[in-house]
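In what comes next, chain A is part of two complexes: it sits with chain B in the first one and with chain C in the second one.
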Partner chain A sequence: MGEAAELSVAVPRTRAVPRPTRRRTWPWYLGGILFVAVAVVCGLLVGPADIGYSPLASELASHVPFLGVHSRLSDTDSAILWQIRAPRVVMGLLVGALLSIAGASYQGTFRNPLADPYLLGVAAGAGLGATIALVYGSGSAWGNDLLPVASFIGGAAAVALAYVVGRAAGGTARTAALVLAGVTVASFLTAIQTFVQQQHADTLQSVYSWILGRLDTAGWHDVLLLLPYAAISVFVLLLHRRVLDVLALGDDEAAALGVNVGRVRLLLVAAATLGTAAAVAVSGLIGFLGIIVPHFVRLVAGGSYRIVLPLSLLVGGGFLVFADIVARTVLSPAELPIGVVTAFFGAPFFAIVLRTSRGVTG
Partner chain B sequence: MLKRALIALAAAAAVALPSAAAAPQKAIPHRIISLSPTATESLFAIGAGKQVIAVDDQSDYPKQAPRTKLSGYTPNVEAIAKYRPDLVVISGDVKGLTSSLTKLHIQVLLQPAATTLAGTYGQIRELGARTSHQQQAKALVSRMQRRIKAAVTSAPHESLTVFHELTPDLYSAKSDTFIGRVYALFGLKNIADAAPGTDYPQLSSEYVVAANPDVIVLADSRCCGQSRATVSARPGWSGIAAVKTGTIVRVDDSIASRWGPRVVDYVRAVASALKSLKTK
Partner chain C sequence: MTVAFDGVSVMLDRAEVLRDVSGRVERGEWLTVIGPNGAGKSTLLRALMRLVKATGSITLDGVETARMRARDLARRLALVPQTPAMPVTMTVSEYVLLGRTPHLGYLARDGDGDREAAAEALYRLDLESFARRRLGTLSGGEQQRAVLARALAHRAPVLLLDEPTASLDIGRSQEVLELVDELRREQGLTVVATMHELTLAGQYADRLLLLDRGRVVAHGEPRDVLTEELVAHHYGASVRIHEDRDGLVVVPARL
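Showing the complex of A and B:
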């Protein structure tokens, strides 16, 4: 909190800092919130279990006070709605929001439009952690609880390692060195993961399934597991949305404007990694979201991080809920891995936006 | 001179080695390698165990099988050839394994995953014929047929539904699979059949709850620690009929994923679950 306040004093009205579009920002937020609301309602209504819209509507209305509507939902349908579908929708919102805001933050921190939440090796580290948990811990019932913990530790450790390796380079090449270190660490950890996996071919299928990503998990338990990390990550990142605009000018310029570039970068990377690692731990590797959502927001609403970060949060959450609806209905009652959906629908959609937009690019 | 001698020696070796390995076509193999856990079980069940010199890393049954680090998933031709086998039994022709081994004059018997009980019987008879244990193979097949028939007739036949769980993330098997046909023997309706496409679909949790199966079979008890307790604790699953009546069958993963002689144990486990459901 103190940092942001300090900065708004230090950088009061610098002309070079990209301003949000001259239009007011509230219509964008309103649109984002509406999008999320529609996604949540659709997410609750649609699924492989055919509950019927009218009993569902009566159930939802019965929770609105003063309407006096009684639910006509059976016990089974009620369990499906509140214990399976609802946590899945909330999980989609959280994971989508986390991956998108983390992607936007990485792109700002590294001034690299291709940066994504997995840039510094989170995916490879989490993959190794998950594989180890599946191979060595799954003989017992607690093996399933171990998986998110192990992949979280793996993901966070990978980024820490990349940071230590990348820092050694120093100087102005530090950003590039950090990205290279991330690539190096990722290759190394992927090699170990493949080795462990080859030694235990019987776990190939579980590992593959985890890698493709899935929201159909342990219900509210996983949501509660994710929530504290999500809150901290989002809070820190949103607090720094102005600083990201300053960083966009370049390290030297940002330093001249009073930003402690090294410290801010460390903090941003740590917060984005915390969110990414937590999301990956509960849902596996859902790709493409961290690139497509922030760029989509930039194309339609302008390049300032003051609007890109909060709007990515909303759009990313809503988008993943819609993607999950596709994942669980297109092959119903079978599941399609959600990572396939995000890339399959996300890529062409983004291509269209890219072609038709004459707007600002990040 | 020395050079010429060496060349002659090498030529002699090149002629001698393959001819030593390439036994006459009809000879009984006595250095068998099995890279298929199912074939390992069958070979030992028909009394050909003494002819088996090595089995792959997944062949954990029976205990006396000579388990090695050889792999059927990522086979290494050199490592296999080092045992100087005269017959290698495989369940999948990975990376041109058959042609590589044939070049070394090692006979290969490919027995891919059977999709029917008849397929299993055929493979057991084939192993009997190749290892000169025809009588034992024939006896094993008729014993299996008799026991399966007895188990099936002992169980009540009602129109019940079953959910076969391969993994905790709800991969299942449809009726067209080997495992699925076992449920058909009992007249059980498989809830996975509603899924389009693959024979091994990954089902949605909410679909399983809505389908409300009467019987749940866990083929992931050993790999993934699943049990009646863990299944009951899943969100929304406490209302499922099978959970309420406790009709949750735990089958050893290896039995449920193979198509060998122990399918009898599997059929019996399902039969006894159905019988206990009847008495409730």
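Showing the complex of A and C:
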């Protein structure tokens, strides 16, 4: 069967049809990029060693070819900047961006405003993987490398298991069955994790600190570890931003518009899980970000995923960099778990946003 | 485009919701499916749209829908569901643009032609001033018009309307039905609708299909289907039916 001819609804007009305009979105993107830029500069400046604005500016300018600017930073400060702070800032951007865009995608895929990146059991699976690595691998020579790998495999495997169970229960298009399967798998894996942890009380402290999340990383190594997964996840999710709008109409209407709902949902869950599991593997469990950032974006910039996804990416990245600044300065030289900071500052802030924009949530 | 269904049966949770339902709607024709609650009206529309598994044959211009790709089917049929999901933070124009989905590649963006179609549909339903409003801020009737606008932006040759006037007042109901009728006469749009309001059903449809408990119990021109006996028997309602210049008027009568 060939292409169906489009039916025209044009009729003799009694008044002019307004020229269709594309919604102006660039001010939002500009705002998001500025927010990220400010976060990066603050993240590079703030810390126990005082670097200062103008030496930082000269250092950054000295890396721009043909400017001929010489850095005024000492070798020590330069090392602090490039080997300690910069990777930590980049890590904050990547993890914050990944968790936020994954949260937004889960909310769209499951049409559930409470969905977060951990909905289908990533956290429980990664927690079990990390616990096993900390308990059984900490003595070995490759113990440090084992932790991210084990938590990544645990997180991804948990979601795959939830998907298989949910699909068997309700078919690919049934979101409730999938969410229930996620809850079931998460409870089961958490039980195993608690059991293993109880048997090895000596590792309790390190397991607990992993669960609360941290960006205290091994420099660029972890960034490079995360980068390929982040790139694939973000690329696939951003490509689907219009399709996510169609899913917002519900399974039946999306299917009536020609979208293969089951296949799209599988692809979106896989991409979001890849990013989440990779983020969790290097930074532990950072809560609340995946819910608060997309909802904040919806409240201020509108509910279409065409803007929610890219803007969540920017806002989430910048927000986590700021949260990390708080985490490492409030009790300096000790560090607060970053998950505590995101929830402690995020929750009241979000409550204010929620109150001032009544009637547009849902 | 001609829609034909022959011997269509649908089982849902082991209950037979439709049994051996047949009918045919020619290009430019309007068929309205009527029947009491639970008769299977919506299920018939869902079967045409391939949203439920049906046995029997459903064809569009002679081609079996079961053999079509999802997107090819979606390009030919536009559906206005009975209880559409309303993403409350989406704007009306974003929502109406989604009607263009079957015409776009899987990951493609909408182009000028698509926005033109959306603007046209907004204009036809008098929704231009609502274009930037969020769906959650609209009244029930305005939302219903947005759903219709989305279906018009689709520009499909067949329109499936499931209770299109359920949440509209009498004036808006007439406007919407007149608009669909105009498209049908001018463009040859094929219309399959379900309705509870029997007077409106008789005024706009060329033919009525009366379903009861999943079976066709009457099929024909409004005057043949809308009889006091059939309505009393299948709806359990006491009505008087008059004929005036606009067609049949179905009036409830006190028992």
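Note that the second predicted complex is superposed on the first by the 321 of 362 C-alpha atoms of A that agree within 3 Å, B and C clash if a C-alpha of one lies under 4 Å from a C-alpha of the other, contacts with A are read in each partner's own complex, and residues count from 1 in each chain.
The criterion applied here is as follows: a residue touches a chain if its C-beta (ideal position, glycine included) is under 8 Å from a C-beta of that chain, and two chains touch if they have at least 3 such contacts.
What you are looking at is a predicted structure, and each value in this text was computed from that prediction instead of being measured.
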### Message
Is A:Ala270 touching anything from chain B or chain C once the two structures are fitted on A? First, second, both or neither.
### Response
neither
### Task
Answer with first, second, both or neither: which of chain B and chain C does A:Asn260 touch in the superposed model?
second
### Task
Based on the superposed arrangement, let me know which partner A:Val326 touches: chain B (first), chain C (second), both, or neither?
neither
### chain B versus chain C as contact partner of A:Arg242, first or second or both or neither
second
### Query
Looking at the overlay, does A:Asp252 come into contact with chain B only (first), chain C only (second), both, or neither?
second
### First, second, both or neither for A:Arg298, with chain B first and chain C second
second
#### Entry: Residue ranges of chain C in contact with chain A within the complex
1, 46, 49-51, 61, 63, 68, 70-77, 79, 81, 84-85, 87-91, 93-94, 98-99, 101-104, 106-107, 109-110, 112, 115-121, 123-124, 128, 132, 134, 136-137, 152, 154-157, 182-183, 186-189
### Message
Per the contact definition, I'd like the list of chain B residues that touch chain A in the complex.
### Response
58, 71, 73-74, 167-171, 194-198, 201-207, 209-212, 222-227, 229-230, 234-236, 238-239
### Message
If we count contacts the way the header does, which residues on chain A are in touch with chain C in the complex?
### Response
1, 3-11, 13, 17-23, 111, 239-240, 242-243, 245-246, 248-250, 252-253, 255-260, 298-299, 302-304, 306, 359-362
### Summary
Within their complex, chain A touches chain B through residues 47-51, 75-77, 79-80, 83-85, 87, 138-144, 198, 201-203, 205-206, 209, 214, 216, 218-221, 328, 331-335
